[in-house]
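Presented below are the structures under discussion, each in the form of structure tokens.
Consider the two complexes below, in which chain A is the common component and chain B and chain C are the respective partners.
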Partner chain A sequence: MATLSSRDRVKWAFLLPALVYLMLLAIFPLIWTLTLSFTRWNANTMARPQFIGLENFRYFLFEDPRFWFDLRFTAMYVAVAVSVELVLGLLLASLLSQSFRGKNFFRVIFLIPMACPPIAVAFLWRMMLHPDIGVINSMLQGIGLRAVKWTTSAAVAPFTIMMVDIWEWTPFMFLALLAALQSLPTELYQSAAVDGATSWQMFRGITLPLITPMIITVSLIRAIDAFKLFELVFGITGAGPGGATESLSYYVYLIGMKWFKLGRGSAISWLFVILLIGLALILISRFRRERTQ
Partner chain B sequence: MLDAHGIGKRRPVGVLITWVILLVFSVWTLFPIFWAAVTSFKQPGESYTTTFIPYRQFKPTLHAWKDAFVTTRDRTLRSLLNSIIIATLSSAAVLLLGAFAGYSLARFIYRKWKNKDIAFFILSQRMFPPVAVLIPYFLIMQNLRLLDNITSIIIVHTAMNLPLAVWLMLDFFADLPKDLEEAAMIDGCSHFRAFVSIALPIAAPGLVAVYVLAFILSWNEFIFVIVFGYSKAMTLPVMIAGSLSVRGLDFWKVASLSIMAIIPPVILAMVFSRYLVRGLTMGAVKE
Partner chain C sequence: MRSFWKVAVVLLALCCAASAAFAGGAKEAAPAPAAAGPAEVDLTVPITVLVTDPHIQVVDTWKPIWEAETGGKINVVLVPYATLEEKLWIEFRTKAGSFDIACIPVTWKGDVFGGEHVEDLRPYMEKFGYPNWDDVMPAQKVIVGWGEKIMALPYDGDNHLFYYRTDALEVPEYQQQFREKYGYMYSLPPKNWEEVYDLAEFFNGWDWDKDGEVEYGFAFIAQQNTQAMWSFLDFAAQYATVAGPPSNHTSNIFFDTETMEPLCKTPGWVEAMKMIQSLVKFAPPGLLGYGYSELRQAYVSGNSAMAIDWADIAIQAQYPEEYGSKVKGKLGYGPLPGASKYWDRRTNKWVEEQHNVNFLDFGGWVYVIPKSAPHKDAAYKFGTYITNPERSLLDVCGIHGYTGANPWRESHFKAIDAWVRGGWDRDSAEAFLEGVYNILNDPYAVTDLMIPGGSEYYNVLDTHLNKVLSGSISPERGCELIYDDWVRITNERGKEDQKRYYRGSLGLK
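Presenting the complex of A and B:
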């Protein structure tokens, strides 16, 4: 780089600060985690890490049932929560896509769950869903139904977490799909109406195919974020009862920051990253295709 | 009812059903916050009752709020102040770094690594789970003696929000027509001047949107703050989590603290609602 033209210098001066910052604080730590994942380092008792090769990975993949349990739970939670959010969001968006008075008002209201701190949401719902004294059970009993063991039953607790996630993120799907629906060209519907198509036929034949790309994109965005499940588990159930609602993030946090097994924690972190890389690559390739169109 | 564009008549029944569904969904959406507000004005012993009309059904009291601002005043004010400082400063850093980088990716051509590749590389950072970098961050901050110091949290939050900010700024600047800047540069303006005097002012709504989004994300963040800010650098989310004692939760405490933590980001979201959907979907949806 003997002589940078002034344009080149400006070019890199603009970009480099952000790039360097990310290299130092995003890429470098990930590489450091990778190196640590090949070590054994119980930071409470050992001063330095000890190289042990692929032992940590072998442990998690072949020996540790908890890893697989948490992975299955997290994956199931993502699948169910995102699907329900999608269906509900689509339903609501279809109902409201005609312009009517008050649309902006509702849009503002529906942003609220997403703007709340997730840990506050978690504790508030924990409070309301308390099996004995929570207001939800009180109301259910008030109308003659039985109280539900929201957080104390290993069978119900996973669905409790999903329910709160659905509360929090359905508006996201709704708003994104609403915008997508409203960007569809009216002419198609007009000509379909002329041909005598019913509402349902128009939905299935015109709307659905046209918004499917958007559905896939927002579902991927939501799924990637949902995999990081942490606050709801921490706040609502504390990963209970008996570890029934322990998410992958929570387990990683326990290993690394509570038990200080830094080598193990790094290994499972990387397994987690690899898992998300798959989803992330799919999402990014969709963005790439969109941009080149 | 499903016809999206007003083709065909809307029967009154359809309108009614739509409004009912909207109302039900709104109640469902707002109920937890409503309940937190009501509970925060009840006597601690009454936190679990199902009454909700003040004066008619229960006697409202400021006990929970007095507890937060008088009894535990130091911790409450410290958490509040830390949350404000961290969110304000980290979002400013994010905006500064992100605006320059986003503009450069939108306007300049990079030959060695293509613009698109750089942009997607940066975007991909957003998708990594925060837990994955907890251990190295901890080691770094421990070495820098920045544990339990708000500086470490500001640094981390900036890194956390920068990818999305660069991506959104790139999106905003790419949408701006180049004509004004090119005209100015023909007149002898430097790139820097063109950026600061022309592009930035026009992109002001986008700048505000990115700042607000980063502020909300930083304010709400939990994992990093409980690891790096357990005492002196405590934020509101940490304080809420800390109200979990051996006896269990004090609902009235949780209620008042949660309302305090919820109000700022919610107000910001409501005021800037138009930009948030675009931000949250990484530009996939432009309203």
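Presenting the complex of A and C:
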């Protein structure tokens, strides 16, 4: 039997606490829920889980239209919200990377939404967007416009959720991209200016390529975070009207925490994790390709 | 390579540990041994109470007095309603003993009582007594029962009432105009949903209280995930059954008790769905954004002629300063409107007959003692302390402000002076109490859905109802979708088990 050298023993002594911590807090729950995902366990009536193989996964993938509806809504929400946040964040960052009076004041102001707890943001907007007594409709009607069914129309409500997300998380994009812009070397711009490049040419030819890694990184972070949409749905629409704003996370919450179907809840959680890993892999490979180019 | 194998061995060991834990954790722990039954209960022990807002008002009121009288200690765990259920179930599964007594909605009784996660209180009542059981209203005795057992302490008589504005429906000039337009005179309170429809149309979209603002006909909770399904069931109860001793064909609106087939596709349900959908056009424009908070705020601020809600509107209406009420002294109360017909499933025909069915929707909050509670006897004593006739009266009548608790004892309905001291005007108090009393005193009142999976059944009802109310699907389609989902849920949970629970909830063998 091979014995560890003293160097290896020291190495393992340092590694072991972190490894145990990681195993207990990350790996164990994953294994536990994976095991549960192959069972039927209605925790409020069944004393113990009952093994049913892949039945839970089959149910979601082939039998449950609600899963696919929620997935479609969540994917659309991520695509629209993150894209708009990126564009707005880039515009704001470009604007505030210029020198002008009051720049620091605006920088701080723009960060406030991001600092608010998401559930507080949700209830704040729920009150402001109420069709009858909300301040936003009052203002619209005050200037002669029609009231909007922000949360009560199945056609409008999904975009309301996106609008609030954009309000809350554009500052994150702005902050990250501002840091990226400020780290760019000024010499390149000076050379380009000497060569007669316009602002747009400088942006397209210098700025954009240099900050692309940052754009991909922040987009990846935001996309993964947005995919876990829960608080805004919970607080603003309650997934309504008629389930039009039900996100995948909200459905997971219902199954696991409201209906206590722990087997099925674990299965959909694993499907969720696999989807997120897939999304991350796509974006990371894209990032690597960009870097290679 | 060797390192790889070491890591692999560690992972394998963890997998084995997880499997072992899975197998072990899956076993239900042996129930805690019954308390040794001391002759005198030690009340100096700390009692942990799990409660939500606004029920914490009641606990906070009595806590210092209890502590001074007994030398004990009350620890309050306040959680939002949204997380109460998970807190409860984590305790039931882990048996950690994290609280001794909990205030929960009785509508969870199918899961909580049926799963025997809480103590049967009958032995406690025999051992320590109960403060005047005969004083408890019949409906309250029914809802805390499970078979022969008593699984909870009653605390709140919470059912939907019908509200109307007296400065609209009782104005002779408007009554005359209504009679001319519709060719008949309505009852006060309206006797059926057909009358409510006409009244809602009549009082919709004009300033009948002359306050300079346009008012609307009828308001109810309609927002998804805010208990809108109970609004619908107020209609379904009238069209889908007839009052009588609970059986398959009387006072039964959810399932066929023989086959466990959902009744959601019956013409009675479809008619109810059509009626509630048709009333949306006479409601405030933002109705689909009305959860319970919004409804109460809007109604007591005077925006509608009629509404259905629990007793909260009646209570909030009494406090203009706190809730901005503009309707104090202007409310009429009644039981739920009936219907001019009901679907008879025995004959599969409509029976054209005016009738009323009282429906115990939600049913109220109750106190339960988990089997894992560390201090069950003391918890029982504390539960009966705060719910005895004298103390509970102060909590329901407004003297202690808005507590969320509504009258549930006979004596609460007789102590009108206490209600007047609580801020009510005498006429309103009498009318309100009469309305609630008639519902709670009805032996044939339809009980709420109280079987395992209740929240899942209601979630799909709520979701599809919301589609119907927003006009995205027809009432017939909505009922079909609810039916399909209820069949699926029933099958998943075991049809025979569910049938047993359902029959038990109706008191059938």
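One rule holds in what follows: the second predicted complex is superposed on the first by the 254 of 293 C-alpha atoms of A that agree within 3 Å, B and C clash if a C-alpha of one lies under 4 Å from a C-alpha of the other, contacts with A are read in each partner's own complex, and residues count from 1 in each chain.
Note that in this section a contact is a pair of C-beta atoms (placed from the backbone, for glycine too) under 8 Å apart; a residue touches a chain by one contact, two chains touch by 3 or more.
Keep in mind that what you see is a predicted model, and the values were worked out from it rather than measured.
Of the partners chain B and chain C, which touch A:19 in the superposed model: first, second, both, neither?
In the superposition, A:19 contacts both chain B and chain C.
Kindly classify A:221 by the partners it touches after superposition: chain B alone (first), chain C alone (second), both, or neither?
Only chain B is touched by A:221; chain C is not.
If we overlay the two complexes on their shared chain A, which of chain B and chain C does A:32 touch? Say first, second, both or neither.
In the superposition, A:32 touches chain B and chain C alike.
Once the structures are superposed on A, label A:131 by its partner contacts, choosing first (chain B), second (chain C), both or neither.
A:131: touches chain C, not chain B.
When the two structures are overlaid on chain A, which partner does A:89 contact: first (chain B), second (chain C), both, or neither?
neither
On the superposed three-chain arrangement, identify whether chain B or chain C touches more chain A residues.
Comparing touch counts on chain A for chain B and chain C gives B.
Applying the document's definition of touch, where does A:258 land relative to chain B and chain C: first, second, both, or neither?
second
Would you please give the residues of chain A that touch chain B in one complex and also touch chain C in the other complex?
Touching chain B in the first complex and chain C in the second, residues 19, 28, 32, 36, 130, 133, 234, 257 of chain A appear in both lists.
Of all residues in chain A, which touch chain C in the complex?
2, 19, 23, 27-28, 31-32, 35-36, 42-45, 47-49, 130-133, 147, 149, 151-154, 234, 237-243, 254, 257-261
Touching chain A in the complex: which residues of chain B?
These residues of chain B touch chain A: 1-8, 10, 15, 17-18, 21-22, 25-26, 28-30, 32-33, 35-36, 39, 48, 50, 97-98, 100-101, 103-105, 108, 110, 116, 118, 120, 122-125, 127-140, 155-156, 158-159, 162-163, 166, 190-192, 195, 216, 219-220, 222-223, 227, 236-237, 240-241, 243-244, 249, 251, 254-255, 257-258, 261-262, 265-266, 268-270, 273, 276-277, 280-282, 284-287.
Using the touch definition up top, name the residues of chain A that touch chain B in the complex.
It is residues 7, 10-11, 14-15, 17-19, 21-22, 25-26, 28-30, 32-33, 36, 92, 94-100, 104, 106-121, 123-128, 130, 133-135, 138-139, 142, 167, 171-172, 175-176, 179-182, 184, 186, 189-190, 193, 199-200, 202-203, 207, 214, 217-218, 221, 224, 227-228, 230-231, 234-235, 249, 252-253, 256-257, 262, 265-266, 269-270, 272-273, 276-277, 279-280, 283-284, 287-288, 290-291 of chain A that touch chain B.
Which of the residues in chain C end up touching chain A in this complex?
2, 10-11, 14-15, 17-19, 21-22, 26-28, 82, 85-86, 89, 92-93, 111-112, 114-115, 223-226, 284-289, 291, 294, 297-298, 303, 452-453, 455-456, 459, 463-464, 466-467, 469-470, 472-473, 493, 497
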